[in-house]
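Just below is one structure, and these are the notes that go with it.
First chain written, first letter: the chains are A, B, C and D, and each begins at residue 1.
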Amino acid sequence: MKRYILKRVLQLVPILFGITLLSFILMNVGTADVIDVMESSTGSALTEEEKQEMREELGLDRPLPEQYGRWLLRALQGDMGESFVSGRPVFPEFVSKLPATISLTVSSVLVTILISVPLGILSAVRQNHFTDYLIRFLSFIGNSLPNFFVSLLLIYFFSLKLGLFPVMGSSGGWKSIVLPTLTLAIAMASKYTRQVRAAVLEELKKDYVTGARARGVRERKILFGSVLKTSMLTIITLLALSVGSLLGGTAIVESIFMWDGVGKMAVDAIAMRDYPVIQAYVIWMAVIYVVINLATDLIYHYLDPRIRLGQEEA
Amino acid sequence: MSQPLLDMRHVSISYDGETVVRDVSLQMNPGEILGIVGESGSGKSTLLRSVMGLLGSGGSVTGGEIFYKGQNITHRKGEEARKLRGPGMGMIFQNTGAALCPVRTVGDQLCECVREHTDMGREEIRGQAKELLGKLGLSDGDRILDSYPFELSGGMSQRAGILMAMILKPDLLLADEPTSALDVTVQKQAVREMMRMRDLYGTGIVVVTHNIGVVEYMADKIAVMYQGKLVEYGDAGTVIRSPQDPYTRKLTDAVLRVRRRQA
Amino acid sequence: MAGRKRKAGRAAGYKLLIFGILTLCVILIAVFAPYLTPYDPYAQDLSNALQPPGPDHLLGTDRYGRDMLSRVIMGSRTTIFSALLLVAIITLAGGAVGIVCGYYGGKLDSFLMRVSDVFLAFPGMVFAIAAASVLNRGVLNAVIALACISWPRYARITRSQVLAVKDAPYIMAARLSGSGTWKIIRKHIIPNIAGQVIVTAVLDIGTMIMEISGLSFLGLGAAPPTAEWGSMMSNGRSMLQTAPWVILSPGCAIFLTVMVFNLTGDTVRDFLDPRYRGKRRRE
Amino acid sequence: MQNILEAKDLKKVFYKNRVPFEAVDGVSFHIGKGECLGLAGESGCGKSTIAKIITRLIMPEEGSVRLDGKVQMVFQTPQDSFDPRRTLGDGIMEGMRNQGMGKKQAKERACEMLDLVELDRKFFYRYPHEASGGECQRAAIARALAVEPQLLICDEATSALDVTVQAQIAALLKRLQKEGGMSLLLISHDLALVQYLCSRVLIMHQGRIIEEGTPDEVIQDPREPYTRLLVESVL
């Protein structure tokens, strides 16, 4: 197991390298001159000499590979440059906004699990009965609604019409997190319910279920003792994958609800063409996603004896 | 003779309106070994599953009755049917590995099964399991019990299957193609182990297979099925040596036999 | 059992026909949008601004007095065409990479798979947001941004499908018959893996419509005054309380379109499901 | 007798979880012209790997294969040996078309081949899932014979079939081998089938050939303990 963890962590190195390289290329290719962008976003008029000076100062006159090397070295020390707009360092700014996004993500994942795992199981067990059709119908609707539409609908009904929750902002205590969480959870739970259902159905078809029945094991025990244990493995992996779409979804939802997290920060930065902020956002979201996937993989590895023991033999 | 162990009277089974077994009548006595042969799709496995009450979705017994020790079990459902599976009848599958949950140990699932029917403790169950495995010629019972299904070889896996089916000492053992996935050397061993169960516990065995050799070796009675119908049924020797039905004749003629030295 | 399969197969066939026609209708609306709009979708009439839905303007008007119905119909063009283009691009690009990787294996395969790993390491929309923000505003750039991040998934799916059939006896038989690599890929591999890839692609159209309009909503897709559902909703955000129809009409348009494509995708999957394809029962 | 195939010191190593596993470990044998050679052993003994080496579907680490003429193969799973999206006729014609034969001529010959394997010509237009296992296997034999190979390899070609169909395919192979005069390599775990068809048999165990002789010699008087176990296990 230890060797496996080490192996997986080592495998991350090229991926992380790729992430930084890709982000760097993205920000440097096809962009207008950075100094011009800075000029327009700060609103100050600069002379050509001043611009040239700034280019030299930022190392923008050097060849791209060198720029990348310098940038990477600094990034490794936590220095991701300064915002064009505010002039403040990007990384501390990002870190300060991260907790808001994390709390939103975690609450959405929790709500998603609470909704979709029981519904998915119920739907599978009652396959082709009314309950199953109803759950599938609802998840279908949820699956076809874009999250920005859901947020606006929720605001319209719950905030504007019923006045139950604040329209926006993250200052309203627990109430302010309800609608953004629901928005993210509705989309994710709809997708995930279907996946849980499919995973459980897949397991229910397997021979070991017949085997357990032939040994006179109660249906309830088969479901909770064996079927859930095996389908949980698939379910965990799928959950980790859905976190990816969740992390992307937060950008839109945060900016609609004025939730002061990294997603909103990025969307605001886009309007200002504040590239260092966007760059930090992309890289760190990718890193977070990669770490989540690694953790899932290790959990999976630990839980599934087929893989756990298979590795030890090798 | 006393009451038959299993008595099937004019049983018909269909899946979604399509009849796959038609008017089959069979009788077997306690301690007898009945072999059911036929090609794929002949309905032999379906027949076996109907005895277990495990026809699955869409399948049902549409005609006739099945008696186990004189009790009509044809349409038993739910708890009543479940209580019979395990202590009353056990089942061995073609691929035992697949018939066990892949992420739980054999011992864990054995305990689960036994505790559904008795209130024995875990240690007691393990003790009985090891005793049974000892009778199958396996001294190291713990190793099988602590293994996950995928860790077992074909032969070991089939022993685990026999253990699972026999731990509650049922009077009837149903074996669905128990040796088809095995190599010849392991196949013979598995056949012998099943016969040993009969000798030790007087268990009646129904073995469904397409392998005439296996049936010829172990069965007292043979039933031949063809396209859902029972075409021939009788003492093993008679059916093999002087088949009456044209299909049985075709079947026995088709079996290639190894020519050994005349002893 | 065969009877039930046949019945299920036929039911899937009818469903496919119905949803296929629905999908076709949606696409036809998009194609003939300019001829279907009751008003000019770009004509401003400030005296008529923010009219609620009524007999003159079935879906009301926006703050410049433009007819919402006309704009929604016109907007279908932008959104649906770009989603179809996007799915076509990633299916072909990802599929080609997947076939090459799966069939040839070796170093090229490892290299391309590592590259795709890097792309897959980004949460999809996060990368698309960044890419679209770097490129200039425009639907085509939104498509490019989403294509960059979505092709690896298709490469992965295609590759695993190729690996699954590559060693099938019929491929070995074809090699023994003297068929060349290209012929085997063209005649035996592509037809046998196409089903799964097509299902994925059709199921993705709905998602892609949502992502493209999501980017537009953030101001990263269609530039005004182009009628596009996402940007129409974004523009109407401030009027949620006073004129909800400005948001509801494009929102429902997205919802219904996505639903039609999702239903079609599900049906295509059921239809191509091998369980319904009259394979003989193995005992 | 002239040899159609000579295999020398074949060696093939597979890696499972990075543990090397010698599937074929120094195997040499030959097949004479018109001979029917049996290769028997239990699953995992390396017999299918040998078939793949001969047909060049995989490359051995060591050793050489000299083959005079064309080789064709019949596989274990009949339905999977035809492309599910093409008709059996397409499959049979593929080899002939690759040799540059015209479409019409190839079709004519494919039909003759169907006659040869006693399969109705209507199967030319059938898809694999519309034919039974035995019918597919006949078509597979037709496909193999259509290009007039000098060597035909049957890899467990009857194992997946019902007993009665097995006997028919075995009889068909026997007839074709006698009439056609081609060489046959029969890979099977079924000693009875080997005895029925072959004039010489190799017993394989753990990647090596441990015994060789006529089937009667080997079965009636096995020299190696493993061979004896194998023979005694047949019920």
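Heads up, the rule we're going with is that a contact is a pair of C-beta atoms (placed from the backbone, for glycine too) under 8 Å apart; a residue touches a chain by one contact, two chains touch by 3 or more.
Source: prediction; values computed, not measured.
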{"item": "By number of C-beta contact pairs, the top two chains", "value": "A-C"}
{"item": "Reference subunit D; chain at largest CA-centroid distance", "value": "A"}
{"item": "Centre-of-Cα separation between subunit C and subunit A, whole angstrom", "value": "21"}
{"item": "Centre distance in Å when subunit A and subunit D are each reduced to the mean of their C-alpha atoms", "value": "53"}
{"item": "Separation of subunit B from subunit D, taking each centre as the mean of its C-alpha atoms, in whole Å", "value": "34"}
{"item": "Residue list for subunit D, restricted to those that touch at least two other chains", "value": "none"}
{"item": "Contacting residues of subunit D [partner subunit C, same complex]", "value": "55, 57, 71-73, 75-77, 79-86, 91, 94-95, 98-99, 129-130, 132, 140, 143, 147"}
{"item": "Residues of subunit B defined as touching subunit D within the complex", "value": "39-40, 183-185, 187-188, 191, 210-214, 216-217, 250-251, 253-261"}
{"item": "Residue ranges of subunit C in contact with subunit A within the complex", "value": "114-115, 117-119, 121-131, 133-135, 206, 210, 213-214, 217-220, 230, 233-234, 237, 240-241, 244, 247, 251, 254-255, 258-259, 262-263"}
{"item": "Parts of subunit A lying in touch with subunit C, wherever the complex brings them together", "value": "14-15, 18-19, 21-23, 26-27, 29-31, 140-141, 143-149, 152-153, 155-156, 160, 243-249, 251-252, 255-256, 266-267, 270-271, 273, 275, 278-279, 281-282, 285-286, 289-290, 293"}
{"item": "Residue ranges of subunit D touching subunit B (in the complex, touch as defined)", "value": "42-43, 162-168, 170, 189-193, 195-196, 216, 219-221, 229-235"}
